[in-house]
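Heads up, the thing below is written out as structure tokens.
A, B, C and D are the chain letters, set down in written order, and residue numbers restart from 1 in every chain.
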Amino acid sequence: MPAPTHNAILLISCPDQAGLVSLVAEFIRRHNGNIIYLDQHVDPEHGAFFMRIEWELENFKLSDEQLSTLFQEDIATPMQMNWRLHYSDQRPRVAIFATRESHCLYDLLSRHQSGELDIDIPVIISNREDLRDAADRFGISFSHYPITPDNKTKQEAEELELLRTHNVDTLVLARYMQILSDSFVSHYPEKIINIHHSFLPAFAGARPYHQAYDRGVKLVGATSHYVTADLDEGPIIAQDVIRVSHRETVSDFVRRGRDLEKVVLARAVWAHAQRKVLVFKNKTVVFS
Amino acid sequence: MPAPTHNAILLISCPDQAGLVSLVAEFIRRHNGNIIYLDQHVDPEHGAFFMRIEWELENFKLSDEQLSTLFQEDIATPMQMNWRLHYSDQRPRVAIFATRESHCLYDLLSRHQSGELDIDIPVIISNREDLRDAADRFGISFSHYPITPDNKTKQEAEELELLRTHNVDTLVLARYMQILSDSFVSHYPEKIINIHHSFLPAFAGARPYHQAYDRGVKLVGATSHYVTADLDEGPIIAQDVIRVSHRETVSDFVRRGRDLEKVVLARAVWAHAQRKVLVFKNKTVVFS
Amino acid sequence: MPAPTHNAILLISCPDQAGLVSLVAEFIRRHNGNIIYLDQHVDPEHGAFFMRIEWELENFKLSDEQLSTLFQEDIATPMQMNWRLHYSDQRPRVAIFATRESHCLYDLLSRHQSGELDIDIPVIISNREDLRDAADRFGISFSHYPITPDNKTKQEAEELELLRTHNVDTLVLARYMQILSDSFVSHYPEKIINIHHSFLPAFAGARPYHQAYDRGVKLVGATSHYVTADLDEGPIIAQDVIRVSHRETVSDFVRRGRDLEKVVLARAVWAHAQRKVLVFKNKTVVFS
Amino acid sequence: MPAPTHNAILLISCPDQAGLVSLVAEFIRRHNGNIIYLDQHVDPEHGAFFMRIEWELENFKLSDEQLSTLFQEDIATPMQMNWRLHYSDQRPRVAIFATRESHCLYDLLSRHQSGELDIDIPVIISNREDLRDAADRFGISFSHYPITPDNKTKQEAEELELLRTHNVDTLVLARYMQILSDSFVSHYPEKIINIHHSFLPAFAGARPYHQAYDRGVKLVGATSHYVTADLDEGPIIAQDVIRVSHRETVSDFVRRGRDLEKVVLARAVWAHAQRKVLVFKNKTVVFS
């Protein structure tokens, strides 16, 4: 496996105005950064500008600290920018939450194992014991936190402690069948990725395949989104559907839907890990 | 163009039990009918059986009347069947309702003109004058019924009268921007086909592309369904989606969605015209 | 209908190097152009740069002639650019070629009629009389050039003369069932758009639905491409597929494929008319 | 996990004639079989009839041997049927062949582990050592047979011996990068399932993603098919595509294509394992 590249990735959002692309690109070139990716987007409705730019640091003349300071002073402050800086060799540290269904978990673990996903997975957390065996197969620590109405606050506090211990910065809910409290969610804004087994906003809530079957739809879907305090209402990162017909039962929906769920979730995790997702007003910009 | 075939088409629904397929097929063969299509479906949840069977009448020994009487006595009554009998050379007589958007109307008219759709279109009805020109191009009668809250009851009564005059049996709402009254709908149960520009049940009601844009979905859809008293809640006949991204505005959704709408509506009209659709408990069986 | 906007659209390809986007954007801003669209692409394999930029001319300080001269001198020559300049109110003048199948023709005519396609259609050309009626319905001139092996050279010469008379700059082959001679094609490089009813390169040549049926594929497709001297080998602009199964016959493929063909062809014509397509080494860049 | 059901599954092909469905269904009912699935298909081009019927054996009055004998005498011989009888609790015994790419292998192993695939996997065979670790994670025997032009005949003979030892009846080539000899293939007719990373027949042979990239297609696909003596020409079981654009490089095709490959292969293996696939004249009938 090749040594990981050491690139900088800058994600920007700000009020739109002329010359923003040049301004940022010039700043990087002036300090000898070799730009290898640049994509931008303007939201015409809100007059908002979004940009992702990545450059090689090999001959870059600024230290990380200088970069942050200078960029803030020279560009971000005058242009009223929100910005985040990532380094390509600082991989997201991901905790996977799961319950009983193994397909999304196995899919993420095998993608991680094969090097397809640039993430670290220090821990798998579950409210049940069912998937300990899957974690063991891939040599990943498994922590069991059974949740009841009575112990939920205490258990979430311990989970947060564990996440801190592992320096986790991203949570992936791989068919985790517990609702996280608002308080818990507030610790990881735009950092908890869920997979919901319907094309949201249709069939939010429980048993979406049953809802879809009862409504008689001709397509079933899956949606990956960031978790917010409003259940199933967070910004959508990826969605897809498959065609179904009257011939199929709920259990066919469930079986065929699993393929959707794992692919859609993996697409969202990949985009997040590549620092390609920006959130603005509960919608995402997913750079290509 | 070849002379239309003279086939019989029987659509059946009844409680499921062993031997139904043989029973019906044997009845037809006994009277010298040559079966050219047979498809059936069992809804395991409700124990319901559905069947579509089509046969050539060339050497069939029963008159239309004898067929109806005998089938009712010998099979339908003992098996508690609901059934409808169609003849392939009795084409549905369709009134198209439209308002301002021409894409679905032009699409249906050109499919009709080229012989793709086995229907007659005696009349186009609109609450505006905008599409009179389109009707004229294809030599089809155009009737203008402006609708206001005050005149709605009276206008619908006159529309019903016109539909009766033209022996219309099927209504297609090709982006018709008026809500039909429950009373009006009750005259054409499972015979009014609408196109809604979203993947229902998501984004029912007004301005679905705007709703979709605001929610930030990654797919937009279109749904064709039978109209019932519950707006956008009728049995779904056909659905499809296209992929969208943050790059697209509402007007891109509208433009690209038009292709979906016209294809999905035409698919539903075709299936209806081919007598391939059965409704059961607000869901459709669409035979292949 | 609103008055057409008067914007300039510049399409550029050149060897990739740092700062190209800024260079072009700065040039336009310096002369008071308000940029409303900018998209670029780098082909890393060939080190090639592509760009589409559109700006409002309302306060732009250069005349059309000055713009061309200055852009060539200041930027295009030093950067070794190929470039084309379009104005949004100079609509492509399109001749549609068709034979017997009417679905693509009707689809283009109704899109044109409703204002969806920013093109003029001065003439429809056919090797048969079948579609004269369709042209008449939309009030468009129809010219009949029957083609035989003996008269082909002469007829193509007359067609070219007719196209010149009508100032045609784009040809759309809407299921035109004649092969254009290399000589004819050479008059309209990257300006003849064809629809082929398969997912090229599969099933090039005659009767692609029959080929697809014989091979037993589970998807059938349609491909719109620029015509080159190599039959079915030109740069692909748009492609799509639909799912089929063993239940479907060739005539089902033909019927369902028509919807694909017309949508895929219209997508390609729209992108071409919006000046969103660049060709490089027999492939297209289709800007979003 | 519930005890596996003990059902019989009969797959039939024969010349089409009236009454075949009734004939078979009656035979089963007469001996007290409770039919839980029946689907049939007529190929009108070849006048061929295909059927899949499944029934519960709980109260069935015939032993396995009696069933075979009686069915042959009473029905198969007079109707010139080819038929195969399976029992739902006799799971296919599958050997997976793989080389270096792990995504299809991990996908099959995790589906197997979770009980989604009703198969046994006694052995994984590879021409390299790379994936031994994946086999170990799931506790499955891994056999390494390096292949060179010189040792191929001998190695294949040993592989065949190993497959016999394990009573393997189905081979799945999960991105196995060796071409099997005709002689080897002849031992498992319609029992070797391959995944090819293109929408065949486009881009047969080596490096299909590179071929697709060079041709500039707007869709890339994957195809699962039975292996025959003609490379990439066997009967297609499942196919799917994803949309690509000029923005994507070959390595994007490779990355995104992996999701297609594993889902399409798994769909084919599932249909094969459920005894839902019949081959006729190099095409498949895949029952729903």
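Methods note: contacts are C-beta pairs under 8 Å (C-beta built on N, C-alpha and C of every residue); 3 or more make two chains touch, one makes a residue touch a chain.
Model, not experiment: these values are computed from the prediction.
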item: Relative to chain C, chain with the most remote C-alpha centre; value: D
item: Whole-Å gap separating chain A and chain D, where each centre is the average of the chain's CA atoms; value: 35
item: Distance between the centres, which are taken as Cα means, of chain D and chain B, whole angstrom; value: 38
item: Geometric centre distance via CA averages, chain B-chain A, whole Å; value: 42
item: Chain A, residues touching no fewer than two other chains; value: 245, 247
item: Chain contact graph, described as a line, ring, star, complete graph or other shape; value: complete
item: Of all residues in chain B, those that touch chain C in their complex; value: 102-103, 106-107, 110-111, 113-114, 116, 134, 137-138, 245, 247, 255, 258-259, 263, 266-267, 288
item: Of all residues in chain C, those that touch chain D in their complex; value: 41, 43-45, 199-203, 215-219, 221, 235-241, 245-247, 249, 282-286
item: Residue ranges of chain B in contact with chain D within the complex; value: 18-19, 21-22, 25-26, 29, 35, 38, 243
